[in-house]
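Down below are the structures I want you to see.
Note that chain A is present in both complexes that follow, paired respectively with chain B and with chain C.
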Partner chain A sequence: MKSISLYVDNGSWLCRVHPFTKLAYIVTAISVPLIGGTLWLFAAFIALSLAVLASGHLLRRVTPLVAFSFTILITIFLIHGLFNQNNQTPLFQIGPLRFYQEGLLYALRIGCNVLNMLFSFAILVLSTKPSELVEELEKRGFSRRIGYIIISVFQIVPQMMGTMSTITDAQRSRGMETEGNLLTRAKAFLPLISPVVMSALINTRERAVALEVRGFAAKQKKTYLADRTPHRGDKPITIALLALIVLAAGWRIAQCL
Partner chain B sequence: MPVIAVENLKYRYPHADALALDGLTFTVEKGEFIGIVGANGAGKSTLSQALIGLVPQFYNGAYGGRVLIDGLPAESTPISELCCKVGLVFQNPFNQLSGAKDNVYEEVAFGMQNLGVPRAEMHRRTENALKLLDIWQFRDRNPFDLSGGQMQRVAIASILVMEPDIIVLDEPTSQLDPQGSEEVFRTVDKLAHSGITILMIEQKIEKIAAYCDRILLLHQGHQIAFDTPQKVFSRPDLEQLGVQAPVFTRICRALGTTLPDGSYPVTVEEAANQLRRTSVLPPVSAQQEERPELFEIRNLEFSYRPGTPVLHGINLQLDARPTAIIGQNGAGKTTLVKLLKGLLRPTGPSIWFRGEDISHKTVAALAAQVGYVFQNPDDQIFRYNVLDEVMFGPLNIGMSEEQAREKSRAALALTGLSDQENSNPYDLELNERKMVAIASVLAMDPDVLILDEPTIAQDMMGRRRIADIVRTLSAQGKLVLAILHDMDFVAECFDRVVVMAQGQVVADGSPRQVFADSAALQAARLDPPHVTQLCTRLGYDGVFLTVEEFLDACGCQA
Partner chain C sequence: MNLFKTKFNAATIVLIPACIGINYLGKMFASLLKLPLWLDSIGTCIGGCLGGPVIGAICGAANNLIYGFTAGDNITLIYALTSLGIGVAAGIMARLGFMKSFPKALLTAVVAGLVAVLISTPLNVIFWGGTTGNVWGDMVFAATQAAGMPVLLGSLLDEIVVDVPDKIITLIVVFFVLKGLPKKLTALYDANAKVERLD
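Moving on, here comes the complex of A and B:
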């Protein structure tokens, strides 16, 4: 079965670090530059994230994400560089297009923000098994039901894609063309999508029963098959990260006073 | 004190007019193995759900009478509490997976986690259950990647680890191959001997007869009988109630051979002990007529992933004789028929249909000639009335509205759905939906009809209906190619049997030849039909395939 999770266990140290440490990193990487308010903080955290990704051998797997986000970022630079309402100081000109400093700075801030978030989330998403994250959350009192919903998406969506291909086969067997011009495809839509929806509904009901008979609604405290072996970096890193947030906040308050 | 006490249980589903259960009263003692039998619609599944409190707690509806599980009322005890006493395994293994765990080991432990079982105990129970059900080797696999039979064993293991006193199984072997279902029966029997009470709904009547202490016979929500298998299956009105007695019982009844108490034997051992050996002429094979060749398969190789071949070196010529493909789960049967239908592509030219290489034909182009009925009818149904659903295929292949309607009506008549023409397919039961799927392919009037496990979920009437379809099409000179796990059905309805094991054809011939080839059957891990087993035990020469054939040889009319 094809997994829709981006996680691959590549054996690096990053995969063994506790998901909460990575969550703490995300919070720090996003909040510190926002609190600090200066551009170089963004740059520093982007560089730090890239360094962490590199040490976890994940740099190559992050490139498609960057490539995707760049198409959006370029649009932002074009629009704000050309049309931002605060534009006053022309910076350079390409043909008839005149770019302004204010708009470009604004776009740069957005771009840094996006990249910063992207990279810090990438650390978590690429190196953490979704079920592990949810299990750790549940151990700290996170709702079991919501946890189940999150995890089951990772199992059931690929399953639905599998069902989809069986359905395509079944309808093609009944002489339905699925390829061709727009009209052919439009005609094929209903016969393909209705069985998916209907069987999803039927399956959901049955699965609800299955969960019920396996004690999902039990009030007892849940137990777990294994404790994670904590990484020796977990505690110091988390403390350092939280300290950074406090520091940034203190520095900003001091500036304002 | 009985472990289950049911008193005058009545239940009606919401928005239904008829009672699904009407006045059931029985008790079950600890460690008993109870079989629940009855035609489709008898209320078997509803009863299984009432025992764990899903009826009425989950489904609502009108409820009367009492169900006591170990003294607890099933009507009001929370299911999360009842599930420590009663475990429920149902038909479709796929929907029993929690969907929250990505390997078999964790999947099996899921229920215990919810109940807060200590860790060491969870590991112990999980390991035991996986080994008991012979799925230990799959512990790190994703449960969704397993075959139906393997998945069902995971589902049973998941219930087993919760150590309930009672396990209710709702047709748990319907998706399994013969060996797999035998394994499940033996496991369940082992559990029953260890003191767990078992209630099992099952269509495989010979198995039920061999393993159960008592049989609960239901019909349209009523309790007809609750007695020993011998007593229940000796009832003269059994067929009117939609249940066929075991092969051995039918033979003994026709020959007038009874047990000391006047009932008829129900297992092969009992029958073999009671039947006296008479001189019986070995059966003679009827001359088979020559039929035109349809498919030619030469040196067919296929793999989904490079390096793991699913089929290798298949050579077959298929003519219009009704042909059954048998073999274990994962032997490559479905892959082979999908290749014939063009749903999968062979790597080079290796399949010819009427002399034409099909490796570059589209599925839709083949649709008019080769029909394929998928296992799960819900993968294709999308219309809101049966006739429209059935007409979809014929219209696609270019029939006129009129012709399509005519063909569809004929197909519905053949599948026994004429009076359901305007029903919504989703309001029909699974066995009827399967018939809709068959009709929707029949209506396209193909020369070849491929059926993937058509007898699953069908009761006696449904099986007879499918046997009729096979005979009718065959009489019209069409090829019916069916994947089957039901050997009695194969022996009854098919002229040719292809046995597959590990991606190869290990035997091919008439049922009489194939079921005499014990080496090939062993290689494919299959058992011969029940009549054949009985005759081998009695030491008769030749291979008897059906009850009628055997009785004829004994000089007796069925």
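Moving on, here comes the complex of A and C:
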């Protein structure tokens, strides 16, 4: 069964750092360039995220994530470079298409923001086990019910994918077409999805009974199976990151005065 | 009848991850069959119809937050608000009785679609400069920009072209699934049900 989480334990230092430290990094990486408001801050944080990813040997696994949003970024560059309302200064021309400076700058800003978010999130996503993140949150008083919801998504989805491939095979063997023109493919959607959805919903009843039998609603304080050893970098890194946000805010306010 | 009354027992807590899984499947089937729609809110709507607007809202928001934080799809993160709105809309419409017959379900679909459009459009403009990442919608957006219309209007049309058909197909699926569910299952989530005691 294939997990939907992208986490793989490759033994690097990033996997041992506390999830909260990585969350603090995300907050800093996204807020500082937005507070600062200049383009080079985006570039600086993109470079920093890439350096962190490289030091954790995760650089190769980021590529599919970037490839996914690349098509969207290209449409943004095309649409705004060609048709943005503020376009005045022509920059260059490819065949009949004329690209303008204002639109391209606007697209560059959006693109930098997206890439910055993508890379900073990649640090957390690629190096943190979802259940570990949830457990740490629960230790700090996060609702156990919501914690259960998050963890069980990771168990349910691979199960459903198993059911889904069984049902796809079953319907194909009955002669249903899943390839061809748009109408054929659209007609295939309902007979494929409804059996999976039905079985998923019917299974919830048994799951609920099983949970109640195991004392899910009990009010007692629960203990944790795994105890994690804190990384020595956790505290200094978090403090430095939060200081950066304050610094950026101070710099911006000083600029406005 | 209270619109927002919600049960928070083990059954509804289990319903939420199942709905999130269903959302994921819908999206997978849509990309498997190369359909030009998202179809990633089937679970959210089922959650809203079965458990009420509050459960629908939790399904929608949790869906985007979980995939955003763990599956690396952080673009969906900002659309958590949209999903939340869809869940609430589907929940309220279902409580008002608008999932009882097929024509009424279509009306629910239009309402859910318009809610999605209203919430998504400002997000699209802020984060993407107006595009949605959907082929058909973005062609409309490019056409409006070439014609010199304002970004907000173009983006609104871009969303309507994609979101309303998307929600109509979603709620057709939801309608037929809900009709096929056994009563002993749906009774688990009914917040207005009364327990009759025999002792």
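One rule holds for everything that comes next: the second predicted complex is superposed on the first by the 227 of 257 C-alpha atoms of A that agree within 3 Å, B and C clash if a C-alpha of one lies under 4 Å from a C-alpha of the other, contacts with A are read in each partner's own complex, and residues count from 1 in each chain.
Throughout what follows, contacts are C-beta pairs under 8 Å (C-beta built on N, C-alpha and C of every residue); 3 or more make two chains touch, one makes a residue touch a chain.
Worth saying up front: this structure is predicted, and the values here are computed from it rather than measured.
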Exercise for review: Have a look at where A:203 lands relative to chain B and chain C in the superposition and call it first, second, both or neither.
Suggested key: both
Review point. When the two structures are overlaid on chain A, which partner does A:126 contact: first (chain B), second (chain C), both, or neither?
Key: second
Review point. With the two structures laid over each other on chain A, which partner does A:8 touch: chain B (first), chain C (second), both, or neither?
Key: neither
**Study point:** Partner chain(s) touched by A:176 [first = chain B, second = chain C, both, neither]
**Key:** first
Practice item. Kindly classify A:113 by the partners it touches after superposition: chain B alone (first), chain C alone (second), both, or neither? Key: second
Review point. Between chain B (first) and chain C (second), which does A:166 come into contact with in this model arrangement: first, second, both, or neither?
Key: first
Point to revise | Broader residue contact with chain A after superposition on the shared chain, chain B or chain C | key: C
Review point. Just chain B (first), just chain C (second), both, or neither: which does A:212 touch?
Key: both
Exercise for review: Please indicate which partner A:221 is in contact with in the superposed arrangement: first for chain B, second for chain C, both, or neither.
Suggested key: first
Exercise for review: Classify the contacts of A:190 with the two partner chains as first (chain B alone), second (chain C alone), both, or neither.
Suggested key: both
Exercise for review: Enumerate the residues of chain A that count as touching chain B in its complex and touching chain C in the other.
Suggested key: 148, 152, 154, 156, 159, 190, 194, 198, 202-203, 207-209, 211-212, 216-217
Check your understanding: Quick one: in the complex, what on chain A touches chain C?
Key -> 4-7, 65, 68-69, 71-72, 75-76, 78-80, 82-85, 106-107, 110, 113-114, 117-118, 121-122, 124-126, 130, 133, 145-146, 148-150, 152-154, 156-157, 159-161, 164, 178, 182, 185-186, 188-190, 192-194, 196-198, 200-205, 207-209, 211-212, 216-217
Practice item. Would you tell me which residues of chain B are touching chain A in their complex? Key: 49, 52, 54, 58, 78-81, 83-84, 87-88, 90, 92, 94-102, 105-106, 109-119, 122-123, 142, 144-145, 158-159, 162, 338, 341, 343, 363-364, 367-368, 371-372, 374, 376, 378-382, 392-393, 396-397, 426, 440-441, 444
**Study point:** Residue ranges of chain C in contact with chain A within the complex
**Key:** 8-11, 13-18, 20-22, 24-26, 28-30, 32-36, 39, 42-43, 46, 58, 62, 66-75, 77, 127-131, 133, 138, 141-142, 145-146, 148, 150-151, 169, 172-173, 176-177, 180-182, 184-185, 188
**Study point:** chain B-facing residues of chain A, complex
**Key:** 1, 129, 131, 148, 151-152, 154-156, 158-159, 163, 166-167, 169-177, 190-191, 194-195, 198-199, 202-203, 206-226
